[in-house]
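For clarity, chains are labelled A, B, C and D in written order, and residue numbers in each chain start from 1.
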Amino acid sequence: MTETDHEIYARQGMGQTSGMGEAPALVIVDFVVGFADPAHFGGGNIAPAIAETVKLLAFARAQGWPVAHTRVVYADDGSDAGAFTLKAPSLLKLTETSPLSQILPELTPAPGELVVRKRGASAFFDTPLKGWLTFRRVDTLIVAGCTTSGCVRATVVDSMQHDFRTIVATDCVGDRALAPHEANLFDMGQKYADLMTHAQISASVRPRN
Amino acid sequence: MTETDHEIYARQGMGQTSGMGEAPALVIVDFVVGFADPAHFGGGNIAPAIAETVKLLAFARAQGWPVAHTRVVYADDGSDAGAFTLKAPSLLKLTETSPLSQILPELTPAPGELVVRKRGASAFFDTPLKGWLTFRRVDTLIVAGCTTSGCVRATVVDSMQHDFRTIVATDCVGDRALAPHEANLFDMGQKYADLMTHAQISASVRPRN
Amino acid sequence: MTETDHEIYARQGMGQTSGMGEAPALVIVDFVVGFADPAHFGGGNIAPAIAETVKLLAFARAQGWPVAHTRVVYADDGSDAGAFTLKAPSLLKLTETSPLSQILPELTPAPGELVVRKRGASAFFDTPLKGWLTFRRVDTLIVAGCTTSGCVRATVVDSMQHDFRTIVATDCVGDRALAPHEANLFDMGQKYADLMTHAQISASVRPRN
Amino acid sequence: MTETDHEIYARQGMGQTSGMGEAPALVIVDFVVGFADPAHFGGGNIAPAIAETVKLLAFARAQGWPVAHTRVVYADDGSDAGAFTLKAPSLLKLTETSPLSQILPELTPAPGELVVRKRGASAFFDTPLKGWLTFRRVDTLIVAGCTTSGCVRATVVDSMQHDFRTIVATDCVGDRALAPHEANLFDMGQKYADLMTHAQISASVRPRN
């Protein structure tokens, strides 16, 4: 990005703050075994993002926020293969019982937390997530997970489109390559979501009485 | 992007070709007056992308492909403002009769072509586009328009998620800044869509008898 | 419905109460000129339902509830005709400027109220309604309008599917024929929504301080 | 329904035929153990509808049509309970491994047929069904299953809204009570779908060469 690039966004009024609303929730996107492993879908800065997300999850639970987790899950017989798996056929390995598609042990969902099975990039696409958040009167979605340039980005765009104030936990998202990670943080911050570290998110929340 | 970055995508099986199906359609995203004007939402390489899209539109019409156009349209009284307009308040200027939200004269929709009004980034989000394509048995969506890092990207992700084979017409999409343009072409090519120039698209279509 | 019919629903545990939540909104479905006119889409008990809805709308505004109104709107050139207009071609008369598709004068939207244009039966289908309600933290949707067996029913099913507690204002919904009106109230009350009169809704709301 | 009732629909232009398109698919809604059992969710004319659906499924497979099956599936811990389960709490018994939520043995999905897990009424709501049909260029959806007044009706409305030509296989849909069955067939036939018996569907299809 050149200085001129930043100027054009500023001049056109992009990059304002949507802010933290009254009722946040946390969604953790695709932190499953296969995305923690560079031999499968992982790499880059995903490992440190997982470590930070462990702390963010503990904070969210202490606050009593609704928490949702996503997994990519395709049918055992590949009957639900589609356009995505033409571009990235290895996704078809992520079946219900595949070790690769299991949520990481350090982020194991607690009872009552939602586990979203998805075939697409966005945590919202063809899933119960939006209704689950509506039922809990959530107005702000904090997004952690991977990859920044893939399922996190798609989730953030949909979260904004569903009219949730959206926050990307910048140190809790990771990608297999750093240039797409950075480029997508820029796009999201300019147009779809606020960018905050885990520490900034914690500091922005009023203490619970 | 480093060489290592490209290698990791290749090693993980990304970047395959989804291909041209049997029944393509063209969607032209947000080529309206305000996005052609650097004083409002334009700039960068949007002008040459418009010029190439004029040719692609003529080709699509000659082939008899369904064609859809999108406009961002907000209510005159701002009653439908939401999360997107918190981040980018200037979008609220794009009302039904605002000169800024009118489709460019050189791309004027022909009778029977769909004009999609949208409030979000994706041409599919809360719009009739997917049903309109279903009704015409479309299986492949070719995407032109702007911005590459914004509404084009969001449209491409949703097109793939709706299981259309998706093609980005690389010389028919533009952005206000070149770095996001390039970064988003990379992401889309690796995971969501095939990247083809207008000339490659034309050459890939069998002549009509 | 026979007594046995009612028994089977009771025995299978249907017909429970979903209740009034903390933050209601009102949606008024398709109370436009053409649906008030028996020569076009009206008839039956639609006229008295409109009269009651005038009172319910006044109550909702006094409470400060979000209010949305829907209209069926097709493109002037019929370019967005589809499966619905194969079954009911007369819907294509309902264009943006047609007198038939204008909201009734006694229910004119106030500034800030949402006007939803739709091509389908449900007020939610391909419209911004769900995001608009999310942005306002609504958890309960009260539904008035017409027809009970058509767009009201479809809206109620989607409202429940989007996980809003849903209430049909029984004296504020009407249909061109009474048997479908009654049959659909039964279905909705058993499975999707609570049935309450305008007076019962008013009585269930705590006074605002 | 009085004679006058039928007249008003005819006079207003409802009840036209949307017809059989070029590429049909079959969806079988919720023919699972619990809905075949009057002690749980069954009763009425569901048993004969299952028997007819066995024949329709054989025909669809012989034609090479895409086939999808739906099941209601809630999380084991009830974490995805919502508005629907407030109205009908017994649905929460339908978990992934519950005997009640297993597809009937006589309708066991063949490899490559889609099994849709859903929490709502419609087979389309928050499920991959629409993309799966798009990927196969389907333009016509034939609906069997139960209940006519519940998940069949909701699926038919969404099928029409997604712009599929829609056909209710009248002898392959059933309900726990006959009055709602009949009332909903009437509504669907007037506004959303063609009503055809299994025999009429078979006869309308050109023989495959």
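Throughout what follows, a residue touches a chain if its C-beta (ideal position, glycine included) is under 8 Å from a C-beta of that chain, and two chains touch if they have at least 3 such contacts.
All of these numbers come straight from a predicted model, not from anything done at the bench.
In summary, the chains found to touch both chain A and chain C are B, D. Over half of the residue numbers at the chain A-chain D interface are used by both copies of the sequence. When the interfaces C-D and B-D are ranked by how many C-beta pairs touch across them, C-D comes first. Centroids built from CA atoms put chain D at 24 Å from chain C. Separating the CA-averaged centres of chain B and chain D is a span of 35 Å. Multi-chain contact residues of chain C (touching two or more other chains): 82-83, 126, 131-132, 135, 161-164. Chain-to-chain contact here is organised exhaustively, every possible pair of chains being in touch. The touching residues of chain C, counted against chain B in their complex, run 75, 77, 79-80, 82-83, 111-115, 117, 119, 126-128, 131-132, 135. Residues of chain C that touch chain A in their complex: 22-23, 130-135, 137, 139, 161-164. Only residues 1-2, 4-5, 8-9, 12-19, 38, 40-41, 43-44, 82-84, 86-90, 120-122, 125-126, 149-150, 153-154, 157-166, 176-180, 183-184, 186-187, 190-193 of chain C touch chain D when the two sit together in their complex.
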